[in-house]
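Okay, so chain A shows up in both of these, paired with chain B first and chain C after.
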Partner chain A sequence: MSIVDLMSMATPNFGSREKILAKLLRRDVVNCFQCIKCTSGCTALKLLELKPHEIMKLVNLGFVDELASSEIIWTCATCLKCVQRCPQKASPYHVIMALRNLAVEREAKVPEGYLKAVSQILETGLAEACRKIVTRKMETVDRECLGLPEVNKPKESFQAVFMKAMEEKP
Partner chain B sequence: MTKIGVYICHCGMNIAGAVDVKKVAEYAQNLPNVTVARHYTYMCSEPGQRMIQDDIKAHKLDRIVIATCSPRMHEETFRRAVAEAALNPYLVEIVNLREHVSWVHTREPEKATEKAKDLVRMGVARACLLEPLEKRTVKVEKSVLVVGGGIAGIQASLDLANAGFKVYLVEKSPSIGGRMAQLDKTFPTLDCSACILTPKMVDVAKHPNITLLTNACVTEVKGFVGNYEVSILQEPRYVDEKKCVGCELCTKVCPVKIPDEFNVNLSQKRAVYIYSVHAVPKIAAIDPTHCLRLKTGKSSVCGKCQEACEAKAITFEQQPATIHVKVGGVVIAVGSEVFDASKMAELGYGRFKNVVSNIEFERMSDASGPTCGKIVSPSNGKTPRSIAFVQCVGSRDKRFHTYCCRVGCMVTLKQAILAREKIFEDVKIYICYIDLRAFGKGYDEFYSRARDMDIDFVAGIPSEVHCSQNESLYFDVFDRGTNKLLEIHADLVVLATGLVPNSDLERISSLFHASRSADGFMLEAHPKLRPLESAVAGVFLAGACQGPKDIPDTVAQASGAAAKAIDMLSSGKIELEPLKAVVDKDLCSGCRICESICPFAAIEMKTDVGKDNEKSRAEVLEAVCQGCGLCSSACPTGAIKIQQFSNPQVLFQVQAAFDKARPRGGK
Partner chain C sequence: MSVREVFPKLGVELVDLHESVCCGDPIKSMNDFAANYLGARVLALANQTGLHDLFIPCNRCHFTISEADSTIRQNQKTARKIMGLLKEEGLEYNPHIKMWHTIDLLHDHIGLEKIRKTIKRPLESLKMASHVGCQIIRYSDLGRVDDAENPRKLDELIRATGAETVEYAEKLDCCGSALMFSHPDSALSLTGSKLKAVQNMKADGLIVSCPDCGLMFDGRQKDAATIVGAKFNVPVLYYTQLAGVALGIDEKRLGLHLNQSPIENLLAKISV
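Let's turn to the complex of A and B:
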């Protein structure tokens, strides 16, 4: 093996790396020159310790397995700042999404919230459910008391299409 | 009967690594008209050239085909070698087996060998129809036009003038000096920029061989190498150059204040102004778009400068003047511009007062600048307690410019050192970088000097800069060294803005027919072997117009370009390639298509007055024609041919391409 991570004795998985690169249509991932701009501005860094530049380097070196099974790839808040500002158009966001796909494919553990979101979409067609909220005046309000119309439920055909899409593996 | 010698070059392993040269030589041996076919490690070497010369004598060869690298590389070498053996040098045909075959088919040697055979067969076919040609000699003007009066233009002008050439130095602003005149100190020695530049500026103004044309631009270029006819438009200064003494009395009374470009708009000047403290020539100029008198065109308006001027130098009646000069060569030295950092919105330039570019910092640091050399936060004029530099702004960035600006790192190190020297211990200095590049002579020592001065280097660049209510700045940056996210507070953020192509380059390149590279800078004739010339004969390049450059490199290139011009023009005549268009007068119908299509204006219509009627015919100005072939392919009657690329020559070669099984002979 050409390279070994002596901290964890992990070795690269070039097959999976190729898969990820192919998914990104060679989106200049290998061009990352570690300027760290992505991490400097990452929304998920301070609380969740997501370091996009580390992910970029690990993918480029082929250490994909560890990433695909880690929880860190699920912390990305998808704010897309890194996509906008990356000087090499290397787009850490797209790499993270490809890693998530790989994780699902491998049936790795997916955080609760994401599974909830899926059933939410299936039921209501919305990623985020209609909820009651507390205003600044500490009043609890919902759509009904604000006089807003009820949100339409998706058609049954939608659910069928959605389920089919979920079953299709990339 | 034609006797052809075919020579296959191995180019070390460059060609032989992919092409079976022995097989190709054997194949060539059996082609019609081929007398000898050989292969050798380096055809361009002395023994390689001698091999050809010996064969010419021994076998009485009259055509030579050399299958080797690109003709751009060694065609000239082989022509010379053949000429030494008393054969006309234009009877040589080059087949490109390196760039066209081995380098592009490295991994498929069998196909490469087949392609090599095809190309050699085509080369042999064409060689049969080659005709001997003679070079022509033309007289040249021993004078040079230098476009741009920055340090590159100044250095090139002085070198040319000292060598006895007449120089016309054209500068678009009212003073020479360019970008270097705006700088405070220069790396890596910290010489004061003005101290080393101004003596050279004065030398230019005083030199008897230099005609300095400021406030001027080139508007038209005609002619060809050795004989360019150039029109230069000189805009009026509205000040008599002979009378003005540069006393600045006028600038004190002018009521109109406008931003001062020389100080990158950090201060104001008057509508009548002297370009800078060190301006050469030190003559006032009036900005016609802001001067009240010139704007309104009424003689009753203002005129205060005219009243104040003791030398009676102000003349509102001055008109633009067009000057025509004849020159043998041209040095383009128009320099570059600084990247506009407001395009990179996240860093806050243009939104936050205390985010400045490195050229603005330079003007602040200069003793003759808007703050008299004090480094301040522009929002309140106070000395900053903390300064942060951000590297690679607009450079190494696929959204803007992919190249490295080659000066940003060193400029920042210099400015950090200057800040430390000027503000001493009371300031924290941070440099946020991607890679610090200190590649030149004495540069890494300069980097080490900066580290000795307690300057903090943060390996990482911020994603965005924020501004608090009191105009002080802060940003997050993740540091590779500590693996920590740091929040840096700064009273001044300096952006290392890179160099970008001059906005005039589009116009300049089309005026001189000189091309530009993909990055927008001027394109050199060869990136390694001809870096001082454009592809147009007699047009040379100096300084940052060819690519971002620091002062040492700019001066070196300027002197080099001047030497190239001297080399070309010093004998008073030059030899021109005979590969030109020729017109068959009997076939020409006078349709003028060639005249309209020629990019070099090398075709003139001549009218013959015959017995019965007048007939106009195309005529090629031999020295102007570059042999591009547009006219030949456009000519509906086939009256124009390009020597060495005539229709029969090219068609016979094309035919040979499809004659794999049964190669045919020539004549």
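Let's turn to the complex of A and C:
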């Protein structure tokens, strides 16, 4: 949906906009003056049509609910070029991350990979569990046979504290 | 493996943390606070060792933990909450822990001169392309290891082994790894277009400074080839694997048999 469509079909929700601003701590979304430096260097633009400057404008106009339920916020490759190049320190990457956080809070559709990472961290402490690998010559190897030290799991107390952190809503 | 072999030879002793835990990167998209807590937890585990330098060989982990550290410094409310959670496990955050990445530890701390002097087998016949990656050089306000638009340190490190480096337009392009969670085909097409550029440069291989980028270019090279409709033959190594070869360390100890890309092509060129 383009900005023009939204302007005629949706109504802005300034409460949600405040929520995003609160999540962003001190980053200055409102300072965005649409220079489009972010979009012109965006890794995800060509492939997935992510246009960070549009996201910035939509947040400032109050169309946060539409963004939080949109799939477009999950196309960012997190290359951070927009943060680096933004002359206004409005930092589109951080805005996109705040929108993703809001989508998770609202139990919108989240790509499965992220959900898997959370359960994996809960279970093992790591986002990806240790596994055996097959070499170019088709030998199966693990840490032990490579002479690498064992990977120590976190203490049992970790699970509960991590869950507590996950429930925190800034 | 190559890190564990190379650093002691250059005078850096490595000590493992008591626990291995995630830096929090995939959680950033879900809950920024929890991600910062995980990052802070790694710093607190480092504090447990009594040492003041934390070595992080991955771009993404380095970025996530750096952001956690900067949030704690800048936001008292969040900092207090994180300290509280750490305390529940008897852990403590220490603001004096300095984070190091492979690039700045080797380039700024150990120094090119020392690396050049320690090299036993200069790799003069090699012409390498470098991939610095994204999150270790951006964004500068956070304090990164090299210039954001013109990173040179990794190339200087490669040249310290005697190898040549090549400049190419796609040098700063992203490996795509972060999109593997949501858009794997697009992620691999980013990987593929960069590999295409490296192959067209006729470079002997690609040097990465991030295991995640390494996984994309090395482990997923065949998948990327299928996506972009090309045939790739690009040896991909983590920097310390290349340095290890130049230091004369045994290939197996550097884990060269674990790379999935055709490392043989590169090794054959050195032994001639």
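Methods note: the second predicted complex is superposed on the first by the 137 of 170 C-alpha atoms of A that agree within 3 Å, B and C clash if a C-alpha of one lies under 4 Å from a C-alpha of the other, contacts with A are read in each partner's own complex, and residues count from 1 in each chain.
Heads up, the rule we're going with is that a contact is a pair of C-beta atoms (placed from the backbone, for glycine too) under 8 Å apart; a residue touches a chain by one contact, two chains touch by 3 or more.
Keep in mind the model is a prediction, meaning the values are calculated, not measured.
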Partner chain(s) touched by A:87 [first = chain B, second = chain C, both, neither]: first
Chain B versus chain C as contact partner of A:100, first or second or both or neither: second
Touching partner for A:10 - first (chain B), second (chain C), both, neither: neither
Contacts of A:122 with chain B and chain C, given as first, second, both or neither: neither
Contacts of A:72 with chain B and chain C, given as first, second, both or neither: neither
Touching partner for A:153 - first (chain B), second (chain C), both, neither: second
Chain A: partner with more touched residues, chain B or chain C: C
Which of chain B and chain C A:108 touches, first, second, both or neither: neither
Doubly contacted chain A residues - partners chain C and chain B: 81, 89
Complex contacts: residues of chain A adjacent to chain B: 28, 33-42, 45-46, 51, 53, 81-82, 85, 87-89
Interface residues, chain C side, partner chain A - complex: 1, 4, 16, 18-22, 25-34, 37-38, 63, 71, 74-75, 78, 81, 85, 88-89, 134-135, 138-141, 148-149, 173-174, 176, 178-183, 186-187, 189-190, 255, 257-260, 262-263
Partner chain C, residues of chain A touching it in the complex: 23, 25-26, 43-44, 47-48, 74-81, 83-84, 89, 91, 97-98, 100-101, 104, 110-111, 113-114, 117-118, 121, 125-127, 133, 135-137, 139, 141, 146, 148-149, 151-155, 157-158, 161-162, 164-166, 168-170
Residues of chain B defined as touching chain A within the complex: 346, 392, 396-399, 434-435, 459-464, 475-480, 485
